[in-house]
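Have a look at these structures, which come just after this line.
Two complexes are shown next, each including subunit A; its partner changes from subunit B in the first to subunit C in the second.
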Partner chain A sequence: MKESISTSVLRVDSRKKIRGEAEYISDWKFENMLYAKTVRSTKAKAKITAIKLPDIPKDYYVVDRNDVPGVNRMRTVVSDHPIFAEEDVQYIGQPILLVVGPDREIIYKIVSQIEIKYQEEEALFTLEEAEKRSTVFTDYNYKKSDPKKAFEQAVRIIEDEYSTGYQEHVYLEPQGIAAEYKDDTLFVYGSMQCPFYVKNALLETMALPEEKIRVVQTVTGGAFGGKEEFPSLNGCHVAVATHKTRQPVVMIYDRDEDILCSTKRHPSITRFKAGLDEYDQIIALDIDVLLNAGAYNGLSPVVLQRAIFSATNVYNIEHLNVRGRNFMTNLVPSGAYRGFGAPQTIFGIEMMFQDIALILGIDPLEYKMRHLLKQNDPTCTGGSIHEEVKMKEIVQKAVEQSDYYNKLKTNKKYQGIGISLFLHGCGFTGKGETLIKGKIILQKNKDVVILKVSSVEMGQGAETVLPKIVAHTLDIPIEKVIYETVDTGLIPDSGPTVASRTTMIVGGLLRECALEMKARWDEAETFEVSKIYKHPDFLHWDDDTFHGDAYPVHSWGANVAEVEIDPITYELTIKKITAVFDVGVPIDERALIGQMQGGIVQGIGWATIEVMKTANGKLIQKNLTDYKIPTSMDVPGIDCDFVLNPYEFGPFGAKCAGELSFVGSPPAVAAAVENALGKPIKDIPITPEMLMEIDNDH
Partner chain B sequence: MIIEFTLNNEKVKMDVEPTMRVLDLLRNDLGMSSVKEGCGEGECGACVILVDGRAMNSCMLPAGAIVNRSIVTLEGFKHTEQFKVIEAGLLKAGSVQCGFCTPGFVMAIESLLNQNPDPTDEEIKEGLSGNLCRCTGYNMIIKGVRLAIEKGAGLW
Partner chain C sequence: MVKAYRPNTLTEALEILSTEKCTIMAGGTDLMVQRARGSAVLPGFDRPLMFVGHLKELQKIYQDEEGIHIGAAAILTDMMEHELIPGIFKEMIGQMASPPTRNMATIAGNICNASPAGDTLPYLYAVNAQIVLQSTDQKRIIATRDFIISPKKTCIKPDEILVKIIIPAKEYSNNYYRKLGQRKGMSLTKVSLLGMADVVDGNILDLHIALGSVAASIVHSPKIEKSMISKKAGEIKEMAEEIVKQYADLIRPIDDARSTAIYRKKASLRLIKDFMENISQE
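On to the complex of A and B.
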């Protein structure tokens, strides 16, 4: 019998990585290559009044906005970030110019001699100040049913507010990018998630025709959203530099520079007002989401959309009024990070449910289960839950495997257990997929099959999982499926590697192509099958009113966290995580467990030790000595289990997984801490200082 | 200054600034690209090499400190029996995702097993706590080490 698709295979890329033979962009060498270093703003908000350059030696160059052949703005959702600063700067770390040349020591010397004069202006930094001064970039609102009337009828109203902090991606490979001309075609190579985003940005900034630009993804050492929109900026930097110098230019950030200037997870505040009926059921919610977008809006509007469309999580609330605002502050721009706004609001609503249940004296899990969505229920945006909801089975497994109720009863003070329920909307939000219209090509070439997609391997396993879908469909060994180099000159645009869409959307298209190829296999020695994504007909979405199916389908899960708090030092130890997920059908169980465990640990980091704050616009944590991510000593044992729930439109029934993994552990850990101390937790990261204060506050 | 040391069992003699980072010496002058720079301040372990058999962060090591010492990078270590066993363990456990931290982990595992051929899980965690991984959550790396120890009994 043929093996199940879920049976694990060896990762295609692991051997060369274990042997140290994978070539990341920092390992690339070009003939006559130059290095580039960025000179950045040291002021949070200022006019640039003068730039005084030292004598620039031969073979060294200064590259700035005057060298940009096209538009001096990075193309993204809102194209507001200047490639190089113009008259003003809006955050510390904003790029002003590059120094380019053959010897890095000399470049650093030139950089140290450049004097930039500023006229400083009043800046603002926090969400609270931004709200007071109404520096709103984006203001969204949607309603469901009649919240006004429902609040009038409510017998009890409970209000609360929850906040979350910054998170730095800390992909182990810092940002790196290179550019060169080959004849008159511009090539940009680098560590990235979205080669066509970079290409589209270059089209505008370099004012070159489409056929004169090629973007090539190099082995990417982790990304998590941090290499989604950002490489469009540094990609334009090296492209302008190579345009000026006509030599290859390489720019590799060191960790300090990477942390200083790259995007981060949006700090957030989420406010809830809940209206309860006489049976304690929540009948109405007023939700107000505030995100700190930083100095430029960029990708933040779509992050905000996912934040507000995820704000009711797995619950069916009849009457809703949901508002979301992105605020401008003079801080480094926030951007894409695994979960894309959803972890912030889901943390909020999970804690709200927990806290209301405790006020009412009801078991939190039971209270949550009373409000659970089921199949054919309306979503928060008035669409429909089309898939079967297996949350009861998921929760039952999580509860049994963790011995949840027994521990809840027997835990002593400073020992805690908590559970979170959560979902993730699979693929792009709203009409995203219909705008991108992802295209893929599958090519038969005698006994091998070449797969042409723009999805990149960045650690998540695309280079194994996508060929596996094709191989399994065609009944050929995986070695016979070749993943074409992700080079925009060789592949179609199947969309960016984001939004947990790769396996479900791109893998789904590959499965369709492979099925057709299988039927036509004997037709010819070489032929090509191509497909363009088509949204299932039953899905409807109105982008103006935010009404309809924001997502085609959801993945679901429950996490149980067990914690211990040291009663003297208040150090928090995560003892164990029990996680159960419905991701449809696992395409490769081992690769999937790797994703889930990694996401859970990133979530634990965000909820506990990953503290990042600012003072007067400056990041206080500016390197890996100050900004701590979990080490092997900080991680608990993690049990992962799956509930099968095949999705009709996913390959072999697969749905989304990569981001879902992140969403559940922060509220589970916070709920466990509440349980350990018997006091509410409203903010993450949870630090020992905070726990000491909460515990001693009578 | 002129320094001499062995790199992957071969003698090297070169003229360097004594304060130059061994990381740069290895990557830029000697082509040892398995040695990765992840943080440049001794926190992440991506640049771990063996100095006289023990794991050290090459970004924190000045060239002057390796005079007459034996340096091993993955370029040399990958030809050993110990490597093959570690590789098999990591492959089977699914320990690798983005791979940028992997060379440093391989060297740290070798150093750990050199000093303690039969570590407990807690000792493995402690032994690898100088190496950061952002992808896996470590459980599958620890499992990979466990598999290597089972397969390679007697090698260390």
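On to the complex of A and C.
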């Protein structure tokens, strides 16, 4: 009998990475290559009044906005970020110019001699200040049913507010990028998630025709959203530099520079006003989401969309008024990070449910279950839950495997247990997939099959999972499936490697192509099958009113966290996480468990030790000495289980998984801490400093 | 470029130092980070470097009538694994950095870095460890607390090498060590408390308390300690409030990227109290 698709295989990329044979961009050498170092703003908001350069030695160059052949803006959702600063700077770390040359010692010397004169202006940093001064980038609103009337009829109204902090991606490999001309074609190579985003940005900034630009992804050592839009910026930097110098230019960031200037998870505030009926049921919610977008809006509007479309989480609330705003502040731009806005609002609503239940004296889990969405229920945006909802089975598994109720009863003070329920909308938000129209090519070449996609391996397993889907369908060994180099000159645009869409959307297209190829296998020695993504017909979405199916399908889950707090020092120890997920069907169980554990750990980090704050626009935790992510010592045992729920349009029934793994652990940990201390937790990260203050009656 | 010396013997090293000011490097785990200038560029040193980590005469750990001698270039891992090193000191070292760093870092480096967060220091202060400094013509022996003048500053002279540390060969009956960091491993200390006591038949014969990262230097007060020595273990619980108050005057922490002054202070005092309660149960 043929093995199940879920049966694990050896990861295709594991050998070369473990043996150190994988060549990251910092390992690349080009003939006559030059290095680039960025000179950045040291002011949070200022006019640049003068730039004084030292004598620049032969073979060294200064590259700035005057060297940009095309548009000096980074193309993304809102193309507002200058490639190089013009008259003003809006955040500390904003790129002003590059120093380029053959010897890094001399580059550093030149950089240290450059004097930039500023005329400083009043800056603003916090969401509170930004709200007061209404520095709104984006303001979204949607309603469901009649919230005004529902609040009038509510017998009880409860209001609360929750906040979350920054998070740095801390991919193992910092940002790195290179550019060169081969004849008159511009090549950009680097660590990235979205080669076609970089290409589209280059088209505008370099003013070159499409066929003169090729973007090649190099081995990418982690990304988590941090290499979604950012490489469009440093990609343009090296491209402009290579255009000026006509030599290959390489730019690798140090960790400290990477932390200073790369995007981070949006700090947030989410306010809830809940209207309850006489049976304590929440009939209406007013939700107000505030995201700190930083100095430029960039990708933030879509992050905000996912934040507000996820704000009711797994619950069916009849009347809704949801507002979301991105605020401008003079801080490094926030951007994509695993979960993309959803973790912020899901943390809020999970804590809100827990807190309301405790006020009412109802078991929080029972209270949540009373509001659960089920199949064919309307979504918050008036679409429909098309898939079967297996939350009861998921929750039952999580409760049984963690012995939740028994521990809830017998835990002493300083021991806590908490549960979170959550979902994640699979693939792009709203019109995303229909705009991108991902295209893939599968090519038969005698006994091998070449798959051509723009999805990248970035540690998540795409290089294994996608060939596995093809191999399994065609009944050929996985070694016979070749993953074409992700080079925009060789592959079609199947969309960016984001939004947990790779397996479900791109993998789904590959499965279709492979099925067709299988039927036609003997037709010829070599032939090609190509498909373009088509949204299932029953889905509808109106981007102007935010009405309809924001996502084609959702993945679901529940996390149980067990914690212990040191009564002397308030140090928090996470003892155990029990996680159950419905991701449709796992394509490779071991790879998937690894991904789920990784997301859970990243969520724990965000919820507890990953403190990142600013003072006057400067990051206080500006390096890995001060900004800590969990080590194996901080990670508890994680029990990970799946409930099968095949999705008709996913390959072998697979849905999304990568981001789902992140969203559950923060509210589960926070709920467990509430349980341990008997005090509400409204803000993450939860630090011993904060807990000692909260528990001050002790 | 950086000029560097790699002497073959301690004598050779001292001779070089008698004519030229050098930056002395053993494991380099602090220096290389502090002087880093960016990837693929050499760290910046304003003086010639002298490597001493490889000198066998600086690596020895042995015992004589003076106590336990720990060679300046003994690495943390060797100390953790050495039978002569007191148990609580091993435990403290085991919570420092990560195994790769402990395989490089030396005890003298931790002392000469003179950080209030230096994790060997609370022990060295508590047991009044003696620092042995050597130059071509002189040998000086100084108590740790006199050797470290202020954060990042010691009284070592340019022609001297810290050659060894001498600690008493003594284990205490009660040992208490808590290191608080931002996470459970590979973390700099935001508060640490070392408590050691000898309790025999309910009598406190000896007692030491030292705290790291909560003031400009290690907090260690022989005077307060003395007020607890020769008391009954059972009595000490009643004294706790008064003792804690005395320490509160010495603990002057700061707000920084890793914690807050208020947390550091409260946690320190709570740990002192907890240590005293532990003893009182003897």
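By definition in this document, the second predicted complex is superposed on the first by the 696 of 698 C-alpha atoms of A that agree within 3 Å, B and C clash if a C-alpha of one lies under 4 Å from a C-alpha of the other, contacts with A are read in each partner's own complex, and residues count from 1 in each chain.
What we mean here is this: contacts are C-beta pairs under 8 Å (C-beta built on N, C-alpha and C of every residue); 3 or more make two chains touch, one makes a residue touch a chain.
This is a predicted model, so every value here is computed, not measured.
I'd like to know which partner A:Asp254 touches here: subunit B for first, subunit C for second, both or neither.
both
Of the two partner chains, subunit B (first) and subunit C (second), which one does A:Ile620 touch, if any: first, second, both, or neither?
In the superposed model, A:Ile620 contacts subunit C only, not subunit B.
Thinking of the overlay built on chain A, is A:Val601 touched by subunit B (first), by subunit C (second), by both, or by neither?
The answer is first: A:Val601 touches subunit B but not subunit C.
If you stack the two complexes on chain A, which partner ends up touching A:Met633: first (subunit B), second (subunit C), both, or neither?
Both: A:Met633 reaches subunit B and subunit C.
Quick one: name whichever of subunit B and subunit C touches more residues of subunit A.
Tallying touched residues of subunit A, the top partner is B.
Using the superposition on chain A described above, determine whether A:Gly221 touches subunit B (first), subunit C (second), both, or neither.
So A:Gly221 only meets subunit B here.
When the two structures are overlaid on chain A, which partner does A:Glu173 contact: first (subunit B), second (subunit C), both, or neither?
In the superposed model, A:Glu173 contacts subunit B only, not subunit C.
By the touch definition at the top of the document, which applies to A:Ala591: first (subunit B), second (subunit C), both, or neither?
first
So, does A:Glu689 touch the first partner subunit B, the second partner subunit C, both, or neither?
Once the two structures are laid over each other on A, A:Glu689 reaches subunit C alone.
Touching A:Ile609 in the superposition: subunit B (first), subunit C (second), both, neither?
After superposing on A, A:Ile609 lies in contact with subunit C but is clear of subunit B.
Once the complexes are superposed, what residues of subunit A are shared between the subunit B interface and the subunit C interface?
26, 254, 625, 629-633
Where on subunit C does subunit A make contact in their complex?
So the residues of subunit C touching subunit A come out as 33, 37-42, 178, 180, 182-188, 191, 257-260, 262-263, 266-267, 270-271, 274.
Which subunit A residues qualify as touching subunit B in the complex?
So the residues of subunit A touching subunit B come out as 8, 10-11, 13-24, 26-27, 169-174, 219-224, 254-256, 458-461, 590-591, 593-594, 597-602, 623-625, 629-633, 635, 637-638.
Which positions of subunit A touch subunit C when the two form their complex?
26, 37, 104-105, 108, 252, 254, 568-571, 573, 609, 611, 620-622, 625-626, 628-634, 688-689, 692
Can you list the subunit B residues touching subunit A in their complex?
Touch list, subunit B to subunit A: 33-41, 43-44, 46, 73-75, 78, 86-87, 90-91, 94, 96-103, 106, 124-126, 128-142.
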